[in-house]
Each structure stands twice: as C-alpha cells, then as structure tokens.
Amino acid sequence: MNDAAVMERPAHLTTVIPDPDMNPVKVEARDVCVFYGAKQALFNVSIDIPERSVTAFIGPSGCGKSTFLRCINRMNDTIDGTRVTGRITLDGRDIYEPSLDVVELRARVGMVFQKPNPFPKSIYDNVAYGPRIHGLARGKAELDAVVEASLRKAGLWNEVKDRLDDPGTGLSGGQQQRLCIARAIAVNPEVILMDEPCSALDPIATARIEELIDELKANYCIIIVTHSMQQAARVSQRTAFFHLGNLVEVGPTQHVFTNPRDTRTHDYITGRFG
Amino acid sequence: MNDAAVMERPAHLTTVIPDPDMNPVKVEARDVCVFYGAKQALFNVSIDIPERSVTAFIGPSGCGKSTFLRCINRMNDTIDGTRVTGRITLDGRDIYEPSLDVVELRARVGMVFQKPNPFPKSIYDNVAYGPRIHGLARGKAELDAVVEASLRKAGLWNEVKDRLDDPGTGLSGGQQQRLCIARAIAVNPEVILMDEPCSALDPIATARIEELIDELKANYCIIIVTHSMQQAARVSQRTAFFHLGNLVEVGPTQHVFTNPRDTRTHDYITGRFG
Amino acid sequence: MAGYAFILILFMSLLAFYIGRSAGNRFHVAAGRDTHSLPGYHGAFVAVWVGIPVLVLVLLWLGLQRPVIDQLLIASLPDAMTAGADRAQLSLYISEIRNVASGRIFAEPTEAIRIAANSLVRWEALARWAMLVVAMAVMLVALIIARSRLTPRFRARNAVERVLSGLMIFCSLVAILTTLGIIVSLLYEAWQFFRLVPVTEFLFGLRWEPQIAIRADQVAGQGAFGAVPVFTGTLLIATIAMLVATPIGIFTAIYLVEYANERTRKMVKPVMEILAGVPTVVYGFFAVLVVAPAVRQTGSLVGLEISPNSALTAGAVMGIMIIPFISSLSDDALKAVPRAMRDGSLALGATRGETVTKVLLPAALPGIMGGILLALSRAIGETMIVVMAAGLIASLTFNPLDSVTTVTVQIVTLLIGDTEFDSPKTLAAFALGLVLFAVTLCLNVIALRIVQKYREQYE
Amino acid sequence: MSSSDASLSASFDWSSQTAAARRRKRHAADRRLQLCGIAAITVALGLLAVLLISLISNGYRAFVQTMVTIPVYVNPDHVNADDPARGNYRAIVAQSLQALFPDVTDPAEQRLLGQILTNNSQFFVRDRVVADPSLIGRTFELTTPAADPFDQLEKGVIRRDLPESQRRVSDLQIGWFDKLKAEGRISTPFNWGLFLNADSRFPELAGLSGAIVGSFYALLVCFLISFPVGIAAAVYLEEFAPKNRWTDLVEVNINNLAAVPSIVFGLLGLAVFLGFFGLPRSAPLVGGMVLSLMTLPTMIIVTRASLKAVPPSIREAALGLGASRHQVITDHVLPLALPGILTGTIIGLAQALGETAPLLLIGMNAFITAPPGGLLDASTALPTQIFIWADSPERGFVDRTSAAILVLLGFLVLMNGIAIFLRQRLERTW
Amino acid sequence: RDQIRVVGSSTVFPYSQAVAEQYANATGAKAPVVESTGTGGGMKIFCGGVGPDHPDVTGASRAMKKSEWELCESNGVVDITELQIGFDGLSIAVSRNNTFDWDLTEAEIFAALAAEVVVDGEIKPNPYKKWSQINPNLPDIDIVVFGPPPTSGTRDAFVELAMHDGCNAYPEIKALKDSNKDRWNEVCSRMRQDGPFVEAGENDNLIVQRLNADPNVLGIFGFSFLYENQDTLKDVKVDGVDPSFETIADGSYDIARPLFIYVKNAHRGVIPGLEEFLAEYVSDAAIGKGGYLAERGLTVMPDDQIKEMQERVRQSIKMSAPAS
C-alpha cells in the first residue's frame, strides 16, 4: 500500500468541506487533545456539530472516535488518568469549566453505548431511572407519562407495554438497545451520543435503530460512531473521518463518501485498510 | 431491509459457482454441522478447498466462519460440549477418524489468530517452539536454520535478526502477527488457517501481511477469514460467503463479488447489513 | 538405609531415562518425522515404569517392616515372659528391646531382652538388605520390559501423559478423601454419642452441662446434653459479628471501588489484608484484655450490667476479624458489575452515590449476599476468639450483654488434653463438630451457588 | 407538564432555583455516602491500630533483657578437671556472687542474693568450663540474664514505691541490685535470647526458637504436601476434567472445604492421624499434615484462578502448533501462572502459620525446652507457644506473650508483603 | 520413645516444667514433654495403660481418687508411686484497684457460689446477685467470680476445702449429711451455673489479667499466681487469714492442698532418663527450702517429708489404693 499521500500535509490539519446548508452549531470543539496517562489518543481535534441532524464519526479501530465522543459528555472523567486539553462548548458554554456540574451536563447530553446496557431492573424502572434522579416528574402519573412517551419515541412501546415490570435484561438485543435509547430520551437531553449502537445487533434490529435515528434527528443533535461506512452513509448528514487520533476530514456525508479530499479518507472508504 | 429473497430456496443449499481453473482439492468438507451444546452453529457445510491458493471466508459477525475454520484443525475439540458431524478430509484422509493423532494434524494444519498471540518468550523461542516439540531439528545449528528460514519467509528476519532474544510480546502489532505466521510456518504445515489476521492491525501492517499471504500461497493452502470484503477481494482466489451458519455461496472471488447469485450475498457485499 | 534405597531408586530412574532417551534418539535418526514421540518422552516412559512401582513397594516395605519385626521379636521371647502379658506389657518389652539395641541401657536388662536385642539388630540389617535386593530386582525387570516396548511409532508421550493425568486425578481426589474423612470420622464418633444420648435430646434439649463428673464421686454438671443453648449462643455471637462487620465491610468496599483513587486503594488494601491475616488467637487476647474491660466499663457508666464474657465482646471482635473478608468479597461483587452499568448510569447524569446505591448495589446484591453468607459460616466456625472471650456456660438467652457459649468453644474445652474416646463428654465434641460441619456446609453450598450464579450472569 | 408530549418537548430549565437546589441535595447525599466509606475504613484501620498499640505497649519490653555481669572464680574444689561437666557449678556461681557482697553472711540472705541471677547461670558457667577446661582455677567475667523479678524491676514493671509486701523483690534485694548497677554490672542489651532460646520455665531465658523451628517444620510439611498436590489437582480440574456432575461435585466440595472451620480439621487429624494411624502426639509432621489439609483447598482455588487468568489465546497458539495439552501446560500455562500460584501459596502458608485451634487438638501445646530435631519430635508452634506463655504465672511472660504475638505478626506481615510484592512485580495483567 | 512425657494438673505444670528444664540442662538428655491437661484429664490419660503410648508421670493438685485408682487398675496400671511435692494455697484475689478490704467466711463463699443455698431455712436455687445481699457489710456490687472448670484439681480442691466447709456452716445442710448423704454432697458441691460464677478455662493467667482489667471481679487460682502478681492483685482473707507461704505451710490458711505427682513404675528402666528426672524432682535443690520450685511459688514441705519422698523414689515404693 502506498501511504506516501498521507505525508503530503501536516497530519493534524483537518480538511473541512464547506457546507452552506448546515444547521446552527450545537457543539463546538477547538484543539481538543486527550491523553490516557502518558499516551496521547487525540490530536488537536476541532469540529463544529450542528443541531437537529446526525453527525457520523468513522475511522479504523483505535483511531479515537469513542474517545472524542466521550469528551462531549465528559464520560472520560470517569477513567483514571485521563486528561483533556482544548475547548468544547455546548450552546457556547465551555463544558470543562470548573463551575459546571457534570451531572447537569450529562443530563443534557445523553449517551447510548455499543453493547446494550439496560440496568438489571424492570423495563419501567430503566426508563424512569433518569427522570427520578433528576426529579423531572412530579408524582407517579407524570412519571408514567414520561416513561410512555420515551418508549413510544424509541418505538418500543407497543412491544413492551404489557410487560413493563419484566426485567429489561430479558429483552432481545435490539429491543435492549432501543430501551437504552428510551432511557436516554427520558431525561430530555439536547444531544444524544451513540457509540456503535448497532454493532452488536442483527440486520433487522439494525434497520429498526437506523429508522429511529432518522426520526429522532428532528428534535435532537445526534452524534453516532460507526464502523460501517454503509451505515454512516445511510443515516448521517455529516461525516467526520478520524485516523490515528487525528480528525482527517469532515463535511457533508455525500461529499465525504463520493469525493474525499484526503488520500487517507479515500483509502479508507475504498477499503484499502481498516 | 427486505429479507424475502432469502426465503426463495432452502437455506442450507449452497450456491457453487463452477470454476474449471481450480487447483486440486486439499481440504474437502461434506455436510459439516457443528453444535455448541444444544446450539447449532453450522448447518450442512460442504466445500472444496484447493491447494496452493487463498480461499476467503466472509460473512456477518457470528455467521460461523471461525467455527468452520477451527473444524479444519480440530481446534474445536478444545471447547467443551462441541460436537461436529459430517466429514472433513485432508488429502483424502478423514481428520475426525479416531486413530488420527490431533497433534500430528495440527502440525500439518497451522493456524494464525485474530489477535496476535506470541508466547511471552523470546522471538527465537517463539519460532523454535514448534520445531522443538515436534523434534524437527537435530541440534542447535539446524534449529537456528529453521528459525531463520521461517522468519525470512514471514518477512520479519531483517527487522528482528539483531534481537532474537527480546520478548516476542515487545514487537509492534503487525510484527507480532508476522511472528505468529513465522511460528506457524516453522513446523512446515501444508495448510495455514488465518482467522481475521489483520483486523487488529493498522493499515501499513495490514498491507505487509497481505503481501506475505500472496507470497505464501505459492506453497501452502491458505484459508483466511476476514470481515473486510475489500481484503477478501484483494488477497483471495476463491471466496465463500457464510450467513447464519449456512454456507450461502462459494466460487472464484471475482465472480462472487461482481456477480453474486444469492440475494443474501448481494445484500451483504453491497453493505445492506452486517 | 531407607535413604540409600531412595538414592538407588533415583539413580536407577535416571539411568532408565537415559537408556530410554538414547533409544528415542536412535529412532529419531533412523525414522525422522515418523517417530511419534520426542526422545525425552521415551526416556520418561522407561523412568516412570522403573521408578514408580518400586517406590510404592519400598514405602509399603518400610511401613510393614517394623510391625513384622515386632511380631517376630515377641515370638522369640521366652514363653514365661509373654504368657499372660497384655498388649501394653508387650509393647513395653519391645520398647525396652529397641532401647537396648540402640545402646541406651540404664537398667541391667534381662538375658531374654539382651538376646532379643541382638536378634533385632540382625533382623533389621537383614530386612534392609533384603529390601535393597528386592527393589533392585524389581527395577531391573521393569527396565527390561519397558525398554522392550519402545519402537519408533510407540506413543511414549501419550503413555507418559496418561501416568501424569493419573497422578493429577489422584491429587484431585485428596480433597474428596478429606471430606470423606471428615464426614466418616465425625459420623462414627457422633453415632457412638447418639447411642448414649438420643438425637432428639441433643438437638432439642434446652440444657447443656457436658462437664459431667469424670469420676463417680465427683459432683459436677449433671450431664445434660441438650445443645439448643449452644446453638443459640453461637447464633447470637455470629449475628453480632455480622452486624459489626457487614456495614463496615460494605462501606469500605464501596469507598474503595467507587471513590478512592489508585493511591488510597494501593495503601488501604494491604493494610486490610494484614487485618485479615492477624491470627485469631491474637484477636482472642485483644478481646479479653482490651475490648472486654472497655465494654464493661462503658456499660457500668450507663448503668448496664455486662458480663465479662459477654456475647457482645466476642461478637464484636469476631466482627473485626470478618471485616476484611466481607469487604473483599463485596469489592469483588461490585467490581464484577460490568462497567457498562456504571457508565450507563453516569451517562444519565447520576452522581456516583446514586450510581452505587441505585444501580451497582442492587446488581451486586446476590454477590454480596453470598459473601455475607460465607462470612457467616466463618463466624460460626471461628474458634480461638470465642475460646478466649466467650463463656463456657451454656445459657439460653438472646441478651448480648450476657455470657453465652458456642459450638467451637465446647468442642475445644471438651477435647483439650483429654484424649479418651469413649466418654459421652468427648463424643459430644464430635457430635457438635458434625453439626458445625453440616451447618457450614449448607451455608457454603448456598453461598457458593449464589456467588457462582451471580458471576455467570455477567460473564 | 400534563401531557406526555409536553413533558418531553418542553425543555427543562436546568438553571432554575429548584433544579439547582435539587442538585445540591444530590451532591450532598453523594458526599455522605463517601463519608460513610471513609468512616468505615477509619474504623477498621483504627481497630487495627488499637490492636497493634496494645500489643506493642506490652511487648516492647521483652525485646531488651537485663543482664548481670559478674566475675566468676572457677573454684577447683568444686570441679574435677577430668570430668568438668559434673562440677558443682551452683556453688561456684553462689560463691562468686557472694564475693561481690562480702558483708552478706546469713545463709538465708545469701540465698536471696542468689536469686538475682537466673537459675540457669550455673549451666552457662558449666558450658564455658567444658568448652575450655583451662578456666578451672581462674576467674572470668560471666554475663548472664538477671532473674525475671529483677528484669521487671529494671524495666519499671515492678514498682519500687510499692510497700515491700506487695513486691516480688525485697528491699534488701533492691539494695544489692542497685549496688551492682552502680558498679556498672547491669546492662540491658537487645534480647537475642527471645529468638535464639527455646522455651523455658524462666521468662528471662524463654525464647521462641523451639516454636519457630516447630512452625517451620509444620509449614514445611504443609508446603511439601499442599503445593504439589494443590497444583496437580488444580491443573487437572481446570485444564483436563470434563465439565460434568462429578467435577461439579469436586468443585463445590473444594470450595466448601476452604470454608470449613479449622477446628473440624483438628478433629479429623485427631481421629485419623493420631487415632487411626497412631502417629505421635505433638509432632510437627502431624501438625503439618493437618494444616496442609486446611490449605490445600485454598491452594487449589488460587491456582485455578491463576490458571484461568492465563489468556486462552496462549493455549490456542500452542495447541494450534500441535502441542499436546500436557505440553501446553508445562511449557506455557504453568510458567505464566506461577507468580499467581506462588502468591497464593505464601498467603495460604501465612494462614497456616497463624492457625491455632487444630494444633491444640493434636497436642502441639506442650512444654518442650529444646527445638525439635526432626519431624517426629514433640514440638510447639508459634501460635500455640503464645497460648502457653499466656498461661504462665511469671510477670515476664506477659511481655513475652505480646512480644511473641508481635514476632508472629512480623512473620505474617513479611509473608504477606512478599506475596504482595510478587503479585505486583511478577503477575501480568493481560 | 526416648522422651519422658508428663501430663496433668495445670497447678503442678509450672513445677514440672521447671524440673524438666533443670533435668534437661543438667543431663543434656532430650527434654521431657510436659502437657497441661488438668488433674482429672491427666489422670484419665495416665491411667489409660502401660506402654510407650501412655505418659510416664502425671501431676495432680489433689490426691488420686479411688475411682481413678480403679480406672488405672482396670487398665493394668497397678505399680504407681505417689510423690507429694509440696503445698499450694488456693487464693481468692481481687485487683488492688478495688478499695474494699475483703474478708470472707467460708459460709459467705458458699452462699455466693453454690447452685443451691439456704434461704429462710429452706434449700433453694441461689438467689444472690450482689455481695451485699449475702452480708450487708460486703460491697454493693455484682457477684462475679472467675474460677476453674471441673476438669481441674483446683476446682475439686476448692469444692472440698471451701464449699464443703462453708455449707456445713448452715445447720439445714449439715443435717442432710446424716440423713441423705447424696443430697448433701450434691448441695455442697454444685457450683452455680447462672452467671456469677464464671468458669474461665484452664488458663489461670488469663484470669489474673482479667482481674487487673476489672476491679470488681474476684478470681480463684493457685497461690503461685497471686505470689507473682502481688503488686497488682491483693488476696481476699478467708476466715480472717491472709494466704502466705507460712500460713499455707502451717495449715492456718484453710483452703490449701498438697500437690502430687504420680509415676508409673513399669516405665522406669524403660523410658530413658525417667530415673534421673524423678531424682531431680524430689531433690532438695528442687522442692527443698529455697529450692527453685519454692522460688516459683511452691510451698515447701517439712524436711522429713521430703526425705520420705526421696526414699519412695529410690525404692519405687508402690502406693496403696486410696480410701476415697
């Protein structure tokens, strides 16, 4: 393989394909570097993520997609020895400023993980967990309403409405993942982060989730990490390509896939590595 | 996704694309079924694998590629509760007949794994281990020669010749994987099985391995499992597509990718699922 | 001489190994890859067959030699001495003969003894040489047979590995044999006991006064063997121990797993391990000399009357002993909850505390429960602390300030120093031991099942 | 927020007063839980500290010993040069002491004077003379432990301000002792005897060497049995045994044995080793065997855990090359698991070292004044020695009991320390 | 077996230890093994039989009982020499931190510790919880007394020497002695089991340390323990007499008893060193005035009695069956 092209320009400069139709910016990152102990996992990532649309992060394994995603709701704080430099803002407010309460931040920025991780509780309690701890519902009736609305939005209501008291872990993989999405929606977030939400699912469940993402993008800013370029092409409006900790290229999905400007992007989407 | 097409014909029948140029058959499987306890993982797989060429197994996660691969050197024996029915022959001899010594079989059918797994010993000892236990070399000088030859074949000699006593685990991922290949070659096998040998590697290392496979196919029968269709297209002469435990389609790589005859194959290689 | 025998066996095995290996080497040169096994395995095969049977033989010989010679000695003594002598007298003779034979003469031995001592010296020498000769013969035969089986295609490796597997199976059986040994010996003695005291009285009787008169004219306990007060006492102390240890242990685990940074963990964990490693006899002293007076003084300050052997003291100190046990098991259980659960909760905006109490603890509960049950069985079986700090008198009470006794205390006091095996008092100890074993067995099996199920759930 | 849709679409005001107050309360609850954790750890460690302090405050005194140095004249009247071992050394020591106090002439007082030195000082003189018969007729300086009451006096345990009737030493004796002190004949060096002497009736001479050697023998036996058997059993169960009802039973059984009260093993040893096989009472061999039955399950469990921790990829790699299962284990798995196994072994042995109850039942709590010469000699062990000393009336034994506990704890901490070190240094995480 | 084995009384244990050590040091022979099993336990093992599996010597803090003699006889242990080694006082002691000047009569001791006592002229289960209920002049504190368990000779001696005398002070009980001997024995011998009397195991030193820690409890143990701990413990006068070497030896202190060792003559000449060990035990240097056992708290016998013991050893004089 010929990697000479990669060397043509400084690796950490991002090719940004301009996009006049982009929605207003919801999340903005500038020069974000992340270190795990001594090891640097992200190099000077700068990106604008628009609201009410789906942004996909793609790239080979270990390139830092998850790492960057987890910076946005500060989940990286929970790993010992992680250090983040640079600036990330949500609606213009720096999320790393000391006065900010991560509890509030994480309520506003929901997250769905690669492996469905429902709590070992009933379906109802899974969804009600967030509203309860944040005090979003007054009384049982209101809570019931929130749970129902969230499950409906996640397209799960009809399948589970008769067994809300069954354990969430008893559902199939795809249902569990939708339950996790319902759980995230229930606290009424503004941004939803999804880290390879379908990679543990079968094709049919994957399709259901993709439809769901499509519906949700009307109200939320959604960021999805995926290892499947086809999935990125299907669900996202914008795509960012990461490689070895660098954000190589970002722009409208259409452009990135059909007309990549960086050789690395090109090699990746044509399957020459990864 | 529309799965109706899949239903058109009995699922376990394999579409075999005829190939007049195929090399003589090395490994032949007939009606192989594999059960993990009560769960059936493979359904009536029948396939001919030619010598001195590369055969690729592709298919979505969990479709049984690894399972079938591990039948060929009876590595499945090591998992409790595994049961294999059907018939697999190597050069016409049934490898599941009771009188056969698996130790000898595995010496003839080498294996390379998804995650590079060098022994935590020196580079030299890694390569020398196989020849030692099989008594393939008399004396130190002969062993040295075997080690050097294997490392050369694996394209690693120049990189490690000055530090043969360093631990094999200290090498980079790609070097480790080549070390594992050298280790497999050192016992002089006839078949080499590779289970996603590049999926943990970076693009450059991947390219090196692919080159290596290309060289090795002149002497060995190579079977490679990969999740990258591009890789299958690049390195293999024949491709077999597995789905849900069935061998759906097998034939010359060119044909399978450009002109699949089964809708499932088509959906998969066009990225509609997986 | 036994030493020489072992050296000889070692030497012969090495020789056998060498012979086998050279044969293997020759096959290898001749047949190359067609040889089944490496030369070393051929060597090991011959060595195993030369060494192991003879080793068993020599050990048996050594075990039997002495009793056989003793029999011969007694037979050689004049009838006048042996007639009417009981076993004890005979063994005294033997003892004297052996002393004389080894040159320890302090009183003038009789002529018969002197003659016997001389024959003893002769016989022993004879037996030693006989053993060497027999061993040598056996080894030579084995060597010839084993060597004759070697061929290039001979599966020496498989044969050696079969022997190794056999040895390993034998070793795994030791655990079973131990259990069987425990059960059989306890059952046997307990059965003797139940012939003297009905099971129902033992299990349901309310009075326990086992220190019965050991002489007819002594007035002591009246020999009541109703173990209920002993059981309740055990339960009382174990409960107190659990009440002390459970919260401390669980909170410690929570802190270490969820809040502490790496450095604190690295410091606290070894110290907790010291707490776990303190011998229980030390805790016993601690209970008697430090805790008991302190408890009593505190009690008298608030006007409470506390027995010096109060269940409270024994239980509390036992609780201290168990803390590390519970904390490490809870630690394991909390850690076994997949990180994904924690992440899921934190990502919803839960605080760490909420994550622990609402998600992790409920999820880890089976594991923690299992740990607590295991700890409870520890508490029930713990001996030295209660031997020193709890009472000897079995009173039927649930007042933690009173003195109660426990099963283990009774076992020790009934058995120490006194090794007679026929008084109900001694046998009662085995009956108690049986109950103790049965109860801890049940607890352990239940607990282990719970823990295992729990682990599997997240595997 | 009445309709469900409304509740979701209406954005929640995170910066409102109520929301902020609620968050403050939640953070406070979080801190409370954290405080509970800290409190629990503090209590646990505090208790350990109290335990150690109470031991040290008693035990430190036993680490020094009051010694008396006197010139000894080996009077040829009392020793025959042909047979120096049979002299009347009691008289020699008494006369030498009296020579320092010429004005003490009353026989009763002379006897009191003699009590200043340890009873066994006569044997020290004998041993010197036997070793060097040329001392007969000459004078040499003998340094010998002071008898326990004077040791306690020097250390301030026996208080001089008490009325004479309440003291173990009389005013007269204190006077003599002070005179010796004024002459520089009293010293308090480190008490090596605590480690080098065997048990003794006399606290000033009592040491732990018998118990240490006994414990060593018992642990040696325990190690020699449980280490190979444990590893073999663990390897079989983990690597070879088919998973069926039988092996399940063995597994449950082993886990259960690890939790069986140690006293039950004592009962087993008593019934089987002493009762059935007729092995001698109080022997370290029997002690070691009982302890090994106790540590064996722990060994098996730890070894299995270490074997499990070796990643399957290593096994697969070796199997894939055509190694037999035995070869895989001896060549790869065992070497890699060894650090873990060693750690477990040390911890198991440390537990065995501190175990008392089963040893009491097999009679390893006797009084023996010489270290055992072999596995079948009667002997004590460290924990049982503690138990015996605790029962001795002399005041010196109170200190020595605590000191012995400290020594035992020292050994345990040492062993655990080695285990932790091994774990941190050698064990790899995969 | 090439080692002497000694079992028996925990009271005699320290003395046997001292002699064993002296013997081993003086002769260079292998050290005897001394186990403390309590007098009763020791007798039981000792009488188990003749032969290397059975101990050679047992210590006793009271004379051998008839029943024990019979046990010995039935097991073929008939040739036994009985050696008295001295006296021991049974002291009742209390911490020096306790300010009360204790002086109990045997009747009061009985009333405090017996299972059944005389209340209003009737024999009833012991109702007393506080000392002051027995005698208003005694302190108003709970009765808590640590004492030895039934396997120990100390307990037997205490029962016989203190409790029996104490119970005879009550006419109602004394009357029983003639009418119903068994009942009398039962009433006079049974210690209470309801708490105030705490059986503290064989470990006397632990009792001492617990007294130090707790000024309001009394303890019963051998005088040697009190002698060693006189700075922290003080004695309780019994019928007005303090225990001391003098009062014990002359009999004015009432609860004192002789200490014995018993030797199997069949083992002499068979077990190496037994002769020398016994000679050492009864030597003047050991049990004589100013001997090393006296230093450890043994109350010494008159010289002629010592001479007699030495004679018994020399001639292996066989003891005759005890009367009771």
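Letters A, B, C, D and E name the chains as they come in the text, with residue numbers starting at 1 for each one.
Everything below uses one rule, namely that a contact is a pair of C-beta atoms (placed from the backbone, for glycine too) under 8 Å apart; a residue touches a chain by one contact, two chains touch by 3 or more.
Here the structure is a predicted model, which means the values were calculated and not measured.
Graph distance from subunit C to subunit E, where chains that touch are one step apart, equals 1. Between the contact lists of subunit C and subunit D, the overlap consists of A, B, E.
Inter-chain contacts peak for the pair C-D.
Ranked by how close its mean Cα position lies to the mean of all protein Cα atoms, the top chain is C.
A centroid comparison over C-alpha atoms places A as the chain most distant from subunit C.
Look at where the CA atoms of subunit A average out and do the same for subunit D: the two points lie 58 Å apart.
Per-chain Cα centroids separate subunit D from subunit E by 32 Å. Subunit A and subunit E have centres, each the mean of its CA atoms, that are 84 Å apart.
Each of the following residues of subunit E touches two or more other chains: 35-36, 53, 202, 206, 209. Within subunit A, the positions touching two or more other chains are listed as 103-104, 107-108, 133-134. Within subunit D, the positions touching two or more other chains are listed as 26-27, 324, 390. Inter-chain contacts occur between A-B, A-C, A-D, B-C, B-D, C-D, C-E, D-E. Subunit B meets subunit A in the complex at residues 1, 3, 60, 199-200, 202-204, 206-207, 228-231, 233, 270-274. Residues of subunit C that touch subunit E in their complex: 86-89, 91-92, 95-96, 99, 104, 106-107, 209, 211, 213-221, 288-289, 292-293, 296, 305, 307-309, 387-388, 391-393, 395, 402-403, 413, 416-420.
Within the complex, the subunit E residues that touch subunit D are 3, 10, 13-14, 16-18, 20-22, 24-26, 28, 30-31, 33-36, 53, 96, 202-206, 208-209, 222, 224-225, 227-231, 234, 285, 290, 292, 295-297. Across the complex, subunit B is touched by residues 28-29, 33, 35-36, 38-39, 155 of subunit C.
Within the complex formed with subunit C, the subunit D residues making contact are 26-27, 29-34, 36-41, 43-45, 47-48, 50-51, 54-55, 228-230, 232-233, 235-237, 240-241, 250, 252-257, 259-265, 267-268, 270-272, 274-275, 281, 293, 296-297, 300, 324-326, 347, 350-351, 353-357, 360-361, 383, 386-387, 390, 401, 405, 408-409, 412-413, 416-417, 420.
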